Amino acid sequence: MSSKLNVGVIGLGRLGSLYVEYLQYQIPGANVIAVADADAERASELAKKNSVAHSFSNHGDMLDLKDLDAVVIISPTSTHRDIVVDAAAAGKMIFCEKPLSISLDDALVMKKAIKKNNVFFHMGFMRRFDRGYSAAMKRIRAGEIGKPIVFKATSKDPFRPSLEYADPKKSGGLLLDMGIHDFDLARWFMGEVAEIYSVGNVLAYPEMETINDIDNAVLTLKFESGTIGTADMTRSGIYGYDIRTEIMGTEGTIQIGYLRETPITIMKKEGISHDTVPYFMERFEESYVIQLKDFIEKAIAEKEPSITIEDGERALLGAHAATHSLHQKLPVVIDNEAMEFTVKTEIEDKEIAG
Amino acid sequence: MSSKLNVGVIGLGRLGSLYVEYLQYQIPGANVIAVADADAERASELAKKNSVAHSFSNHGDMLDLKDLDAVVIISPTSTHRDIVVDAAAAGKMIFCEKPLSISLDDALVMKKAIKKNNVFFHMGFMRRFDRGYSAAMKRIRAGEIGKPIVFKATSKDPFRPSLEYADPKKSGGLLLDMGIHDFDLARWFMGEVAEIYSVGNVLAYPEMETINDIDNAVLTLKFESGTIGTADMTRSGIYGYDIRTEIMGTEGTIQIGYLRETPITIMKKEGISHDTVPYFMERFEESYVIQLKDFIEKAIAEKEPSITIEDGERALLGAHAATHSLHQKLPVVIDNEAMEFTVKTEIEDKEIAG
Amino acid sequence: MSSKLNVGVIGLGRLGSLYVEYLQYQIPGANVIAVADADAERASELAKKNSVAHSFSNHGDMLDLKDLDAVVIISPTSTHRDIVVDAAAAGKMIFCEKPLSISLDDALVMKKAIKKNNVFFHMGFMRRFDRGYSAAMKRIRAGEIGKPIVFKATSKDPFRPSLEYADPKKSGGLLLDMGIHDFDLARWFMGEVAEIYSVGNVLAYPEMETINDIDNAVLTLKFESGTIGTADMTRSGIYGYDIRTEIMGTEGTIQIGYLRETPITIMKKEGISHDTVPYFMERFEESYVIQLKDFIEKAIAEKEPSITIEDGERALLGAHAATHSLHQKLPVVIDNEAMEFTVKTEIEDKEIAG
Amino acid sequence: MSSKLNVGVIGLGRLGSLYVEYLQYQIPGANVIAVADADAERASELAKKNSVAHSFSNHGDMLDLKDLDAVVIISPTSTHRDIVVDAAAAGKMIFCEKPLSISLDDALVMKKAIKKNNVFFHMGFMRRFDRGYSAAMKRIRAGEIGKPIVFKATSKDPFRPSLEYADPKKSGGLLLDMGIHDFDLARWFMGEVAEIYSVGNVLAYPEMETINDIDNAVLTLKFESGTIGTADMTRSGIYGYDIRTEIMGTEGTIQIGYLRETPITIMKKEGISHDTVPYFMERFEESYVIQLKDFIEKAIAEKEPSITIEDGERALLGAHAATHSLHQKLPVVIDNEAMEFTVKTEIEDKEIAG
């Protein structure tokens, strides 16, 4: 492999198109030589605009390119399985955007393909590369807040996505689509999750009922270490894109998150005000670039990926356990070795928690 | 009754002593004519210092005072039942500090005594009188955030109380002792609670195990209206006394809470910093005074009390349900009509929440 | 003198009436035995309401009271001179609200009377007793920001006072009426002022021209120590009462000030907002009480007053120098020994500052 | 001219090297075809790394390139005059980094060359393109704060530059080197400056005296419109890079500025803290890119530049007037038509300001 990685980008939606630009212009180690999208014209135009040699209407043709080193997969989640399996078989390095898949079965198939072909696989969870989250982890590892004991996460989208997008059959539903980030962060900061209980309802958008999903949820988490946590997710943030996480430790607490787009404050009779973060690109654009850079650098250096396919699989497991709890209306216990979960129906009746 | 209410204060601990001063000096409608405490000398000294005519070592003698109009009960929770029952029998107006009692049986006895004797009873929940909480309620009622749909509460004490105080037999345990406020606020903002699930553990102070209680907990709440909520409580806030509540509505969110004692900001190489709220009196002293004033004014005007004994009883019911859930490790469903709760053990297995 | 100080309050406007209550109810060492106001009825009513034995329509009669230990003067500034001179002659302890007087000549007369009769005199500058300002001073003295080198002050009133009140003949004008606090704080934090340059204009309320005063001003300050500063004052704060001070040191900066009445934050599509501090009592009420308490305690203990008549005189000197600079449109140099100032008209023409 | 502008970058220091990358990778309309630096090797390496066709050790050779459309000048200020004059003579479009020059005479020579050759000239003042400053201007123009009446600016560097860099002969001294931005912003928000008074001293770094400059200053400003302002500048910000501006209007105030690098908050016993902005690139990197993009777009579209050479000249005039005031220790009056200033020595002795 040369000092530059020849990359192909699969899936050219809004984020995919940006990925092409990030990789082509802002990441020295990457050289985008191919793009693919079901919309062939879109692929061709984007290739032309960004000096990309090849464009395709399917990933299979792209994988035939001899000098292609790596693929960046940002296509619809339902297509991840086949692309990953094929790319692994072709021996390409892989970056796959979250979530890994909708079903746990698909995730297992992908994991096996990766193992069998022994290819580099980076699971995309850009929040870990955010300046705030990475600084928080650094400080926690440095012992600044002692031992982490309580995890709190808030995820608010400013409005609901289209019903087509939100449909649980495609998106996995609120607890997977929005929650996948929180389940990843929960594991990253606290270790494996042992139990989840979910409560949720259709509270803001009655039309969510037509797709059999909820728009608001709150969860409790128990971790294997005995520590605990909570998460709340909403499609109806209304005031903006609000992603906050709080890690309570035995010696202090660290909060991650902010809520302004521009650093201006308006002071009027009615009160003091500032603007909000409109949506995820205003909050996390930099993180996407840093993550892609990390993928390219680790791949070139033949180091371990920062986030593995197991990370993707376990976050998915959490999302499924949470969804199951929501449906069955009881806590769900996770067996992290077997990668399975079961509903809890028996009273334990201890005098006290543990 | 004269234009001033002749008041007796029962229980002269730190807060009780302050109540004497508030009533005597800062509340025009009150005239403290008696104080009582098991420590007769303490009662006598406090009476002398604050121009209080009578001092007693038990509430019974105080209740014999003919010109006594009202009692303010701030004695240990375990004594509330007998004092309330006796005061009601004596026809005195009553202010009773939270929690109403430790046991639900005691609460019922007290409620019956109040009803039977038809006396004025104000349940002490000072947070409702806090500038922040009352302003929030005003704005919510004015429709500023639309319909409230998610309730979030955080309660952090900066350190654990003495094991003697914290002992669940006396304090009711973390979920009652700290949580009683949150259960009251939850009802106040969202209506009756329909289901609670509690997760907790000993995470900061291993010695809590000796008294069979936990030091950290997170909860999910379902309200009868279908709305949802979460609460987290900790004895190990470490950095200060941090009480925050967030009400998410269909048109916006309102946050209540703050974290500074003095309005100064220190800017140094190491970062920008400000101090924290040390403990509850620095945060809520004003609320105590406003609440006592409200009690006196409503009592004199023969209006309904702002907070009733049912409010006290229902908050207690929530705390017990939460504690039961913690012990039985399953969600607990509340029957608000019967004032009872039961553990949920059956899978509902709907395809979607509701 | 008994362990309690018998106090007479002179001047029963809004603040004066509150002073009576603070002294009578919240300050253990004080016993208000007399009140005086030109409006005899007002004095009589206030006396009755607050259990004050005597009421008068002039300070002379009050000073005849044999058991009167101290007077608290909160009457119009134009009356301060005669009351202070008479009270000093009567050997009474004195608390005098800021500003000491309008004219420097009056201040000198008062100072001489105090010295001659050797009476206790506390100059009222309540900001020094504010939690924020006193905490800042404590931290600065502890060396937290190194040596203070730049002083910055901002004073904003939310609206202009009545033209009658604002009239420079009565109020001394913007730079005295509002600035007196800043000149006191400047001296307190940085030492004596050596030079002032003022710039100002009528920018918000054209009607200010009818009383020959301005509504906005900015100033530069040079201190005797060589350090520098700036202050801005406005009658047209509009959004609230905003008092902020910043002390820059060689090792850090400390900011004092805040801008909210209640601890609630409203988050809506239009932005994140909180309320503001409406006016001075919402910001400084506590400081008034703490200051009165300090006056009473120091007086009883026969200690030196925390703020002296010289402090009052020097802040006044600063205000006059600033006003002179504004009128003459050139910097004004202060001779702190002679308590005089002169306009600077000669170019110094050094290559560099010093 | 093609749809892309062929650009040459002159001066390849830290910022100059970044400009090459911004123009080459992030700005679609630009095509960097040449770089120049006195250090020929540096130029050659940078050209190679960024696919730049030509590299030179002087600007003259670069200007000979036939297909060169525009030059971006980021070389030392002392070289600006000759480069601008030569580039104008060669008919190239010009972007010139602030300050325009050190001396006013040089500025005049450059302005004449631009006029004579009628070339496009964009004066670099990146703050105008900052998200905060541009949003503030937009809101002010929309009338949100009424008429602007008071301007307040704060500029703090976290530490002093090298004495070699800071030397007034090269940098123009504190009031030019740091102040040039504030003089530009003052004009942008408030209109032309009519009078400046400067106060400053060596307060943090005694070694500044060896280069005959100060490290801290405060200024008052009068604008031609009668409005007023203040600015403070420091080389000893210590706690970080703190750039704040406040515009007070007749109906509200707008503040621009912020003080954190990452969105994390650490809550410990000692207090609540967050980090600071280390230096200017962490604060303004985005603004540099947006400004270059604006230059390229306006140049291609043959529109007027957003910031003209007159803007550069007038900001310089303000800086010189401020420096003169500092040295002569009296206010300096600016004649904006003649582009001159004079020291004020005569008392105006009006009764009131205007």
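Order of writing sets the labels: A, B, C and D. Residues in every chain begin at 1.
In this text, a contact is a pair of C-beta atoms (placed from the backbone, for glycine too) under 8 Å apart; a residue touches a chain by one contact, two chains touch by 3 or more.
Source: prediction; values computed, not measured.
Engineer: Suppose you list every residue number at the chain A-chain C interface; are over half of them used by both chains (same) or under half (different)?
Structural biologist: Chain A vs chain C: same; shared/all numbers exceeds half.
Engineer: Between B-D and C-D, flag the pair that has more C-beta pairs in contact.
Structural biologist: By the number of C-beta pairs in contact, the winner is C-D.
Engineer: Report the inter-centroid distance (CA atoms only) between chain C and chain D in whole Å.
Structural biologist: The computed centroid separation for chain C versus chain D comes out at 41 Å.
Engineer: Averaged over CA atoms, how far is the centre of chain B from the centre of chain D? Could you give it in whole Å?
Structural biologist: Whole-Å distance between the two chain centres: 58.
Engineer: Which parts of chain D, given as residue numbers and ranges, touch two or more other chains?
Structural biologist: 238-239, 251-253, 260, 266-269, 275 - these are the residues of chain D that touch more than one other chain.
Engineer: Inside the complex, what are the residues of chain D that reach chain C?
Structural biologist: 149-150, 152, 195, 197-204, 209, 212-214, 216-222, 226-230, 232, 234, 236-239, 248-253, 326-331, 343-354
Engineer: Please output the residues of chain A touching chain D within their complex, sorted ascending.
Structural biologist: 25-26, 131-132, 135-136, 139, 144-145, 251-258, 261-269, 275
Engineer: In the complex of these two chains, what residues of chain B are touching chain D?
Structural biologist: 158, 238-240, 242, 259-260, 266-276
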